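Given below, in the form of structure tokens, are the structures.
Two complexes, one shared chain (subunit A), two partners (subunit B, subunit C).
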Partner chain A sequence: MLTHLPVLVVLAPLLAAPVAALMRGAFAPWVVATLVSWFSFVCSLLLLAQVSDQGVIVYSMGGWEAPWGIEYRIDFANALLLVLITGLASIVMPYARLSVRHEIGDERSPMFYAAMLLLVLGLCGMTATGDAFNIFVFLEISSLATYTLLAMGKDRRALTSSFSYLVMGTIGGTFYLIGVGFLYVMTGTLNIADLAERLPALSDSATVRTGFAFIVTGICLKLALFPLHLWLPNAYTFAPSAVTALLGATATKVAVYILVRMVFTVFGVEFSFVTIPLSDVLVPLAIVGLLSASSVSIMQPNVKRMLAYSSVAQISYIILGIGMGTAMGLTAALLHVFNHGVMKAALFMALGAVSYRMGGTDLKHMNGLARTMPLTFWAFVIGGLSLIGVPLTVGFVSKWHLILAAMELGWWPVVVVILVGSILAVIYIGRVVEAGFFKEPEDSTRREAPAGLLIPLWILVIANIWLGIDTRLTVDIAEAAAAQLMAGGVVR
Partner chain B sequence: MTISDLMFPPAFIMILGALLVPLVRSSIRPIVLVAIPALTLLMIWNLDDGVLLTARFLGYEIELVEASNVRRLFATIFASMCMIGGLFAFKHAKVAELSAAMAYAAGAVGVSFAGDLITLFLFWEFMALFSTVVVWCGGTEAARRAGIRYGVMHLIGGIILKIGIEGVAVETGSIQIAAMQLESFASWMILVGILINAAAPPVSAWLSDAYPEASPTGSVFLSAFTTKTAVLALWLLFPGQSVLIWIGLYMIFYGIIFALMENDMRRILAYSIVNQVGFMVVGVGIGTELALNGVAAHAFAHIIYKALLLMSAGAVMVQTGKRKCTDLGGLYRTMPVTAVCGIIGALAISAFPYTSGFISKSMISQGAAYGEMAFVWYCLVAASAGVFLHAGIKFPWFVFFQKDSGMRPKDPSWNMQAAMIIFAAACVIIGVFPHLLYRFLPFAVDYVPYTADHLVSQLQLLLFAGLAFFVTLPLMKRTMTISLDVDFFYRKLAPKLWRGFERLLVKLADLARVLILDPARHLPAWWMRFHGPEGPLARTWPTGSMLLWVSIILVVLLVGARIL
Partner chain C sequence: MSGLGIWNYVIFIFLMMAGLYMVISSTNLVKKIIGLNVFQTSVFFMYISFGYIDGGAGPVLAEGVTLYSNPLPHVLILTAIVVGVATTAVGLALTIRIKESFGSIEEDDLHKMDPSI
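The block that comes next holds the complex of A and B.
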């Protein structure tokens, strides 16, 4: 069974999704979704262990060798991503039970869990596959699931936000597909390993460059690079809490992974950063996005929307790391992909708990939270500290590496920008903490969120601290992954 | 028995204790508050010298525990401070404050044993976090605001320190804590980051701003840790950097002048912390073995007597609810224990013979004398007189004697009295038997404090300073107004020169305002108009606008490739 791990991660949610959809009531589909997430998580952990033991794993689907069949190819980068996706799914699914009953209702629960499983399936598939067209297929699966989930929000604006993301997301997907088409025309293959082998000889070709431009633009839309982030704030704000937690932590991260895979593996560092001035496009956009989105966060009256803008800012940090085009920068970016997932999911889950008890996520709902919901409040505080980058949280680890990478290049203004970003984060998180700590609640009776929400939330909060102290897992793997990616091409 | 193979750093005991404090019943809490630091002390004193515990963090091999004489000395006083402070505080302080204070002390102990810059930074930030909570536990609106200002200042200090550490890591590849030269930008950043915590100019004001706003018990804890860990960091990283002498001298006189003008008794003591830390910074700047010994001894002695002074001030506050010198007075009759302990603390800070201050501070000024720094020596001696004026006489005189304020408060509860008596006894014992402290100093001591010459000169100095105080008492009394600084200080010192200078400053400030500040003030508003909830960058844009951006980026990528 161990040799089939790469496909099991993807297959389990694929098979479980229709089962969940056909079930009745809320409980049974929830059990299925939770168990399947846990199963996938275990598979991902085993995969990661296998990769660090044996190196890159190649799995040919159905026994068909690569040029004819589809192959799955797992190295450090996507093994780490798989752990992130399935790990967060394993925490969000248990959390979803109460949250979904409250926000969506039992009637539509089977559909909800089926869509969640399809989302996990799509994200895992994009990550695991070694085929450029297969990525598109899974991208569409995850996107369709996302549109469904977004539309389930109880606010009626959820529908319009879902529709507008549908339009924008489709444009992104189409751009990616057009780009892949260009590459197929030039190389005659869709397999990533083969593409990486054949493209260097064609780097003068205008078609390849056009393909590159289409692919990067399309993916940047999916990963919400400023100013292509316009779909994100509404989508996150109006979606159900559990959806926001999973989506905010993983969906854009997988798009980042695809960008990294395309830029570093398929096209290679040489082509992406020398032939095409990718740094000159990504770095300025990341800097502006970082400052602008953080500033928007400061003034937002709705905390969920504030965190949505903060996600745009945090993605800018990741893009900044990628835009540096060095091993150190890439390490920082991969670290932040993982770490931001862990912290943002914790924050969104804490907000979900607030919304469960207080009926909303406006700043006024936070008043006096330290007294009315102390455990939820402190979870939010720790998540916030992590977002700011306080030592002994995961946020510190990735910011440390990002600053190190900028210093290595001598980019002092960028160092300043990163620090200004941290200070802006202090302000927007500080606003919420101040409201929770010092303001008087309307009704000061203690009504902590139920254990069903608190336990998953605190597992994630502890992960924020644990992974901030024990950096062996994240830092060492991110460094190894960056080294593999920087070597360019495909490690055979 | 000594421990050479550690499982965990000593600070972890106290972190665990900090978690335990809110969980145990209130009847057991005092036992926890005393036992945990005692356990920590036991561990501290059983540590071998050298690197004892390493871990892998951020791709570096960090040294969580590295013991040496000076580190052990600082850790000892930090843990003892936590213990006696806990004893003093447990009846009055909020549980959150007790817990945060123990975590804060744990950070200080952690910094003491940090073997590399990253570990230092981790515990450094830990301290910043929990000290902010201690300030907040003052519970008033003023404490909330002061806490925010305090937190922001330490956040900025932490960022500067972090940049410096990362810069050094990139430049040299080493994160070891060892004496370094100020030759690169990064090492300057480290120095600045540490100096911010030492309340050095130009940011000395954070200390006197925040500490007096904490609760009566909170300021006792605050007085001990932040500035003294900064002194230790300077001691380890920048011994003998002459720039520190001038920074220290500035701090010494800044503290004296502002303390003389102040009316709030805890603010007087806060300014005098800046002043005393100034002595230590000067000592590090001198950098000879004698001076460095003096710094270690003075930090040790200072934590005890400053905590003692703040305890007596806190006791007065708890019993009377008043904090201004003008509202207090004549309390010695009804609060004899507090008064006596306060006076012992005041004598110690003034370096009165047979108190701890006498045997520690003189080592630093002797260091200046042996180092042939005559000007520094004169300044230090003059400053000693100044210390006696503001802390040695002014504080006890206005609080316990002077006029009768009409209040008849009792001495505080037994635990507060016990804590004060322990620290007062420590001040005297160290003063009478200096070798008790000297044998633990980092370098061998052949310095003898009790010579006839030293005794006589110090007594003379104190006598004349005391005389000056009572002669100028009418001036001193006007401390309820701020005009004191103009009357007493500036006008007598070359008034015309000063006014000319002032006018120049005003002109320059005007110019700066017109050219820089006025446009700059509108900048945030302008920036925020774009980013506010209704601003263009926060609005929900039509789907089509995104298409525009998509095509722009596509074109840039396509055309950019063509141009190159």
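The block that comes next holds the complex of A and C.
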């Protein structure tokens, strides 16, 4: 069974999704979704252990060797991403029970859990596969599940936000498909390892360069790089809380991983950063996105929307790391992918608990939260500190590495930008903390969120602190992953 | 390529641009979906043209035939067509729900009702 781990991670949610959809009531599909997420999480942890023991794992689907069959190829980078996706799914699923009953209702619950499982399946599939076309198929599976989940929000604007994401997401996915088509015409293969071998000889070809442009633009639409982020704020604001927590933490991160895989493995560092000046495009966009999105989030009256804009800013940090084109920059980017997932999920889950008790996530609902919902509020504060990058939280670890990477290149203005971004985060998180501590609540009776919401939330908050103090696990894996990716091509 | 010339690719680029233009310029949500469909179909066209080989027969083993067209792009596009149909279905379902809850599928009207859309 251990040799089949790469496919089990993906297969378990695939099989469970229709089962959940056929069930009645809210409880049974929830149990299925939770157990399957836990199963996938255990598989991912075992995979990560296997990768660190034996190196890269290659799994041929159905026994058909590549290039005839599709192969799954697990190295440090995607093992880390698999742990992130399935780990967060395992925490969000238990949390979803009360939150979904409150926001969606029992009747539509089976479909909700089926769509959640399809989302997890799509994200895991994109991460695990070693085939460029297979990535497109899983990308569309996860996107279709996302459109459905977004539209389940209570507010009617959830529908329009889902529609605009459908339009933008489909354009992004199709751009990726066009790019892959160009690569196929030039190389005659869709296997990522073979592509990586054959492309360096073709780096002068205009077709390959056009393909590169299509792929990078398409994926940047999916990962919401400024100025392609316009679908994101509305989508995150109006989606159900559990959906925002999972999506905000994982969906854009997987798109980042695909970008990394394409730029570093398929095209290679030489092509991406020397032949094509990718840094000159990504770094300015990341800096503008970081500053503008952080500034916009200061002015948002709705806290969920504020965090959505902050997600755009945090994605910019990650893109900044990738744009540096160095091993240290890439390490920082991968670290921030993981760490931002952990902290954003905690923040969105805390907001979900507030919305459960207070009926909304506007700034006025935060008034006096320190007295009415202290545990939820403190979870939000710790998540917020992590977002700012205060030492002893995960946010500090990745920002520290990003600053080190910028200093290594001598990019002092970029170091200043990163610090200014943190100061802006202090301001927007500070507004919420101020309301929670000093403003008078309308009704000051204590009404803490139920344990079903608090326990998953606090597990994540503790993970935020734990991984901020004990950095061996994440930093070592991110460094190993960056070393593998920078080596170019594919480690056989 | 000379059999078909570059004619196929001209059509592909025209359809792609027309589709994208429709998505951006129409304010009606159904027209946006139609544009999206045209855009996706153009890509199918591109892939299918890739697979064609001058004088190549259909990829079925037969006696006396040595040159076959490449069937792989066609198979890929079969998958992509399914994806396209699913996206259209979800898009149309969303449009119906938007019509039910807002009473309009014109972007201008929706924007008037709520500027954040």
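Keep in mind that, in the parts below, the second predicted complex is superposed on the first by the 492 of 492 C-alpha atoms of A that agree within 3 Å, B and C clash if a C-alpha of one lies under 4 Å from a C-alpha of the other, contacts with A are read in each partner's own complex, and residues count from 1 in each chain.
The working rule: a residue touches a chain if its C-beta (ideal position, glycine included) is under 8 Å from a C-beta of that chain, and two chains touch if they have at least 3 such contacts.
What you see is a predicted model, and the numbers here were worked out from it, not measured in a lab.
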Query = Looking at the overlay, what does A:F133 touch: subunit B (first), subunit C (second), both, or neither?
reply = second
Ask   = Should A:R156 be classified as contacting the first partner (subunit B), the second (subunit C), both, or neither?
value = second
Message = Just checking: does A:V167 make contact with subunit B only, subunit C only, both, or neither of them? Give me first, second, both or neither.
response = both
Request  = Tell me which partner A:N234 touches in the superposition: subunit B (first), subunit C (second), both or neither.
outcome  = both
Inquiry  = With both complexes overlaid on chain A, does A:T148 touch subunit B (first), subunit C (second), both or neither?
reply    = second
Partner chain(s) touched by A:Y184 [first = subunit B, second = subunit C, both, neither] = second
Note = Intersected contact list for subunit A, partners subunit B and subunit C 167, 171, 234
Request  = Using the touch definition up top, name the residues of subunit B that touch subunit A in the complex.
outcome  = 56-59, 121-122, 125-126, 129, 136, 144, 148, 152, 155, 159, 162-163, 166-167, 169-170, 527-528, 530-533, 535, 537-538, 540-541, 543, 545-547, 549-550, 553-554, 556-558, 560-561, 564
Note = In the complex, the residues of subunit A that touch subunit B are 164, 167-168, 171-172, 175, 209-210, 212-214, 216-217, 220-221, 227-228, 230-231, 233-234, 275-278, 280-281, 285, 292, 295-296, 298-301, 309, 385, 390-392, 397, 400-401, 403-404, 407-408, 415, 419, 422-423, 426, 430, 434, 437-438, 469, 471-472, 475-476, 479
Remark   = The residues of subunit A that touch subunit C in their complex are 133, 136-137, 140, 144, 147-148, 151, 156-157, 159-163, 166-167, 170-171, 173-174, 177-178, 181, 184-185, 190, 234
Query = Residues of subunit C touching subunit A in their complex?
reply = 20, 23, 29, 32, 36, 39-40, 43, 46-47, 50, 73, 76, 79-80, 83, 86-87, 90-91, 94-95, 97-98, 101-102, 110, 114, 116-117
